[in-house]
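Structures are listed in the sections that come next.
First chain A sits with chain B, and in the next complex the same chain sits with chain C.
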Partner chain A sequence: MVYFILSRIARAVITVALVVTFAFVVLRLSGDPALMIMGPEAPPEVLAAFRSAWGLDLPIWQQYFSYFGAIAQGELGRSMRDGRPAIELVLERIPSTLALTLPALAMKVGIGLPAGIYAALHRGGPIDRLVMTLAVAGFTVPSFVLGLVLVLVFSVMLGWLPSGGQDSWRHAILPVLTLGIGGAAILARFTRSAMLEVLGQPYMRTALAKGVPWHVAIRSHALPNAAIPTVTIIGFMVGTLIAGAVVVESVFSWPGVGRLLVVAVANRDLAVVQCILLLVAATMVASNLLVDFLYGYLDPRLRTGARAGAH
Partner chain B sequence: MSVTSEPNAATTPTAARAASDGPRRRPIPPSILLAIAVLVAVAFIAVAADWIAPHHYATQDLKARLKPPVWAGGVWAYPLGTDNLGRDVLSRLIYGMQTSLGIALVGTAIGASFGTTLGFIAAHMRGIIDELLMMLVDVQASVPYIIVALAALAFFGNDLTLFVILLGLEGWERYARLARGLVLSEMAKPYAAAIAGFGATTWRLNWRHVLPNIAAGLVVQATIYFPWVILLETSISFLGLGIQPPRTSLGLMLGQGRSYLANAAWIAVAPGMAIFVTTLAVSLVGDWLRDRLDPTLDG
Partner chain C sequence: MPLVSRRSALGLGLAAAGSLALPRFAIAQADNRPSITIAVQKVSNSNTLDVLREQSNVGERVFFSSIWEGLIGRDWLGGLKKVPLLATEWKRIDAQTVELKLRQGVKFHNGEEMTAEDVVFSFSRERMFAATEAKNRSTIKAFERIPTPRPGKELPPEVPAAARRAWPDLARVEAVDKYTVRFYNATPDLTLEGRLSRYGSDIMSRKGWEDAASYLDWARKPVTTGPYKIVDFKPDTYLVLEAHDEYWGGRPPLKRIRFVEVPEVPSRINGLLSGEYQFACDIPPDQIVGIEKNAAFEVQGGTILNHRLTVFDKNHAVLANPLVRRAFTHAIDRQAIVDSLWAGRTKVPKGLQWDYYDDMFVSDWDVPKYDPALAMDLLKQAGYKGDAIPYRLLNNYYTNQVPTAQILVEMWKAVGLNVEIQTKESWTQIMERNDSRGVRDWSNSAPFNDPVSSIVAQHGPNGQQQQIGEWTNVEANQMAEIMETSIDPAQRKKAFRRMLEICEREDPAYTVLHQNATFTAKQKSIKWKTAPAFAMDFRPGNFAL
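Let's look at the complex of A and B:
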């Protein structure tokens, strides 16, 4: 178990280090980082201060390590637009984004999980067919098309809900629905296939053959086993709490991290872009780590080191 | 649906696949025939855009701005209406399909050949190269690709070539993983040992014998992930960060039509429908191909 946890933590650290390396390499390839981050109009003494803070006057391998140091200290440069630290700009947008993505996550899990389990248990029934049809639609309708359809119906035609902005809780309904519907369909389809796989396993037949009632077999054999692949996809959804609304925030003019990213990319405000990239990577890696620990809890094979067939 | 979602979730349930693994020569279901017909039509429109589009995509008719479609009181000169600059929506739709599908096709080809090559390399040089590739796969999985693509566009500036390459790189690791597995299983078969025993070079063995044998699996994989490339292109173009005006794409049209939803919804509805119908048709055909050709292939 200790080995398992340590190896997962090591992998997470390596992943973050590689993402930082990616940012470092890309930033070097694209030109003078001091100019790129601080902007072309920055006064020379600011550029010089930035260069020495980031160690840009040092050999490249020393630069690489001081880049890590600067990032560890939260020194991520300043926004070109108003000169404020990029990290501040990003952090103050996070509550807005979470106001969309947290309810959407609740909706995905609250609808997708039971729908998937029910569909698998009543395979071929009307609910199953509905879930499968919606799941295919959920895959193929991009969020911006779904979002615009919702605006067209509920804002333009019916006039029930606002089409954009962040003035009241009613403004959050359409974006949350847009994020939630597609995710719920994906989760339902995933849960359904995990359940179907488990239901076909020999141990289910054994349990039923030795007289275990159906609902007990489902509760104590099928659900825990089906939980393992399902946790992966939910973990992925948790990981996208910050980055998952880039497109939807733009559809609904919602001032969150995603909107900030789009504006920053359009203006080539690199400090902000870099800051969001690193923050998103850190969130994803943290949630992956969490999922790995949950695996260890859910799947005893991982704890004892008998890892064959666990993945 | 968000384009940052895990594509692996697209796997058909194993049980359903197993059920279809029976007799191979079943008739093509009508829904698939319809999907194939849609794809043929879409491909024709994209290829023949220059001949069938009634107007050029950038031609403006400022006297005919925001004209509704012909069934809503418009004129036959602009069957699907015009946009805020008086450009013909039908023509822009046709050229938008050409751009979106063409870019997605090139992107898929780039990702597939790059990933497949890496898969071959990994299969033949086990050990450290293998480990390095798996680490890269981890990194790619740790950040939603749209964020990486947007960051690259910000760092390097918007450029069509870069954009297409970025779209292609979205899925390289899936092709790499698949090709690696397939190559390893082909190399274990007697014919590979026989051909090598006759003195064929590694290059010839892989290029002339192994690749044709695993091509079906790779093509199915490409069909299944083609819609993801379309969605990535349309998403980024929708945000205004991909295809740049005056050129147009389905996503860009939709993004521009967004502001006119209240009084000129047709500008956005046409490309929205086109994206939905095209990706749905490709997805249906891809899933069907996978079930039929290679039931063991897992996304």
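Let's look at the complex of A and C:
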């Protein structure tokens, strides 16, 4: 077990190091932060002063190693835009993003799971067709289109809800809906196919043949077995809680981590981008671990297998 | 859509009810002025509100004329001429000294009166120049003491660099008395008054600086003299301004102005149409017709102090021949671009100059005329064989940049020029110096009303084009020097004309395509006039319902 955890942690560290290196190379080779932040009309001496202040005039390999050295000491760098610690900038945006992504996750699970299960249990019926039509629509319409359509209807035409900003809870409704509808559609489709697969398994036929009531067979046999792929998808959704709303935050002018990421990339504000990437990687790793634990809980065979492996 | 929210209306109602019990107090508090919300693409690129740190179009919009004011201002609604602002009058002592009389009774946002001491401080090493020196410092011993900045009050290095760029030879500023200041330049300079009116030469409260805990704290809430004071600034999100009722120019017409960042164009337009925003800025020209279909809205705006250019690298094997570059300039039907992509709402200017240059404006100058036959003839004379010429292009950094590039390539193709677009990610890649650098896009501004602020600053020996090794010309550089140092207006104008001839005709460094423009959509019921600039003027007299 210790080996398992250590190997997971080592893998996570390597993944994060690769992500940070990739971001460094892409961002630094594709643009000069001095020109990005100061603009193309900035006088040469202003650009030179900026580059010198941020060490951008050093050889790129030197910048890379000093950046990594700083990270190793827990220093994530400062924003080149205003000199504030990057971690501070990112942390202060997280509550805003979670204010959208957590309710959206609840909506995805709250709608997607029951809709998928219901559709599977009534396969081929009108409700199944309706649910799947809506799911395909929700799944295929890009979030920026869906967001703009919702604004057009509920803000411009009906005047019920604000079109953007973060002044009150009402401002969160449309972005949460935009995030939630797409995710619920994905989850409904996955849940339905997982359920259909399980419903066709021999153990279900056996259970029913033994006289187990339909609802009991579904609750005790079908749902736990169908939960494995569904939990994987939900785990992925949990992993995107921090930076999974980039487009929606832009469409709704919501000042969260996603907006910060867009601005930081546009300005090649390396420290901020990498800080966000580190957080995203950490969230992904944590959610994957959580999913692994849930697998063990949901599937007794995995628990037994783990014990057998331990012996 | 009401301009006052239900909450503020309720507040006003309660205030009115309270007036029965506390009439004097409540009457003093009553404020029926409207508040407005303006949707902008960006409030500040640098996350600060310091005029020397945030030198951008978006900065100009929120700074002028709401927050920052200089000694000499611009008539924003009247041709951008120089007008008295915090100084009521000024005179030349000699070719390198200007004396200004300060407006008396001007109050900063902190209630302090503006005096000569604040002006001197605004141009001090501590606030502006740090350890930089005037180019010709030896002529005058200036700024004897180089103060060590207090911890946290160190200027970002780009601030003194920008300040020195704006004031390359300023030796010192001296308080003659409480309301009189003198600016001493190390060299003779006829543009000192222009420099005083430029973006960045604005006045701040010394006490406001000293009271702030750090540079960043100050730069997010500078204490200035404008008609509106900063109440709340959340970088990348919003900026809230409130009326400065002690404003020297009268009571501001708005109670509050809220600039909100709405990065997407459709979101800005939707917010305007739904009544959440009273103004939506940065509207692309192709959206104007759609917005104005609704009779309740209109789009204002037009030309700004910025021209779009095509820039040449004369070191490129094909472009080394000036005849080829000249062919480029004559192959462009500029008016067609203005009509098709800008709905005719901007114009083709008279080269790299602006009307507000006054006496320095060369009125009989023009951009190279559209003459495909001449272009073809020039290519024939050059012996051009159809070799490919690279055109490095960014994806719509400028409004209409990609469609303009596509039109240009077709126009050039029509005269026989083989120009190949190379899409790039960043300015670094655009400017990278190698054999494949040929043609690129750029824009040039004129921060004050003299060609040294544009053609000399951008294409002269210290300008970006020469600094990155794209172009140089010995005679043009001599002309630039004359414009910078001569005190003979006629000689300066002659030098400017000659520099235009060289840079735009004989040995083209660039060619001007059109004047840039910015468009602001607004509720038609609001009586407000836009300036020919990014600046939005909400001073007394320019807002009514």
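We adopt the following convention: the second predicted complex is superposed on the first by the 232 of 311 C-alpha atoms of A that agree within 3 Å, B and C clash if a C-alpha of one lies under 4 Å from a C-alpha of the other, contacts with A are read in each partner's own complex, and residues count from 1 in each chain.
Here is the rule we use: a residue touches a chain if its C-beta (ideal position, glycine included) is under 8 Å from a C-beta of that chain, and two chains touch if they have at least 3 such contacts.
Everything numeric here is computed off the predicted structure, so don't read it as measured data.
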Report task. Answer with first, second, both or neither: which of chain B and chain C does A:251 touch in the superposed model? Result -> both
Query - Touching partner for A:44 - first (chain B), second (chain C), both, neither - result: second
Requested in this report: With the two complexes superposed on chain A, say which partner A:35 touches: chain B (first), chain C (second), both, or neither.
Outcome: second
Query - First (chain B), second (chain C), both or neither touched by A:243 - result: first
Query raised in the report: Who does A:163 touch here: chain B (first), chain C (second), both, or neither?
Result: both
Query - Chain touching more of chain A, residue-wise (chain B, chain C) - result: B
Query raised in the report: A:66 contacts which: chain B (first), chain C (second), both, neither?
Result: neither
Report task. Figure out whether A:152 sits in contact with chain B (first) or chain C (second), or with both, or with neither. Result -> both
Requested in this report: Indicate the residue numbers of chain A shared between its chain B interface and its chain C interface, in ascending order.
Outcome: 30, 36, 148, 151-152, 155-156, 163, 250-251, 262, 268
Report summary line: chain C residues touching chain A in their complex are 45-48, 55-56, 156-158, 160-162, 164-165, 216, 219, 234-237, 260-264, 266-267, 270-271, 273-276, 397, 425-431, 442-445, 457-458, 462-464, 467-468
Report summary line: chain C partner, complex, touching residues on chain A are 30-32, 35-46, 48-50, 52-53, 79, 81-84, 148, 151-152, 155-156, 159, 162-166, 250-253, 255, 259-260, 262-263, 267-268
Query - Complex contacts: residues of chain B adjacent to chain A - result: 1-6, 9-16, 135-136, 138-139, 142-144, 146-148, 150-157, 227, 231, 234-235, 238-241, 251, 254-255, 258, 261-262, 265, 268-269, 272, 275-276, 279-280, 283-284
Query raised in the report: In their shared complex, at which residues does chain A touch chain B?
Result: 11, 14-15, 18-19, 22-23, 26-27, 29-30, 36, 123, 136-146, 148-149, 151-152, 155-156, 163, 179, 181-183, 185-186, 189-190, 192-193, 196-197, 199-200, 233, 236, 240, 243-248, 250-251, 261-262, 264-266, 268-270, 273-274, 276-277, 280-281, 284-285, 288
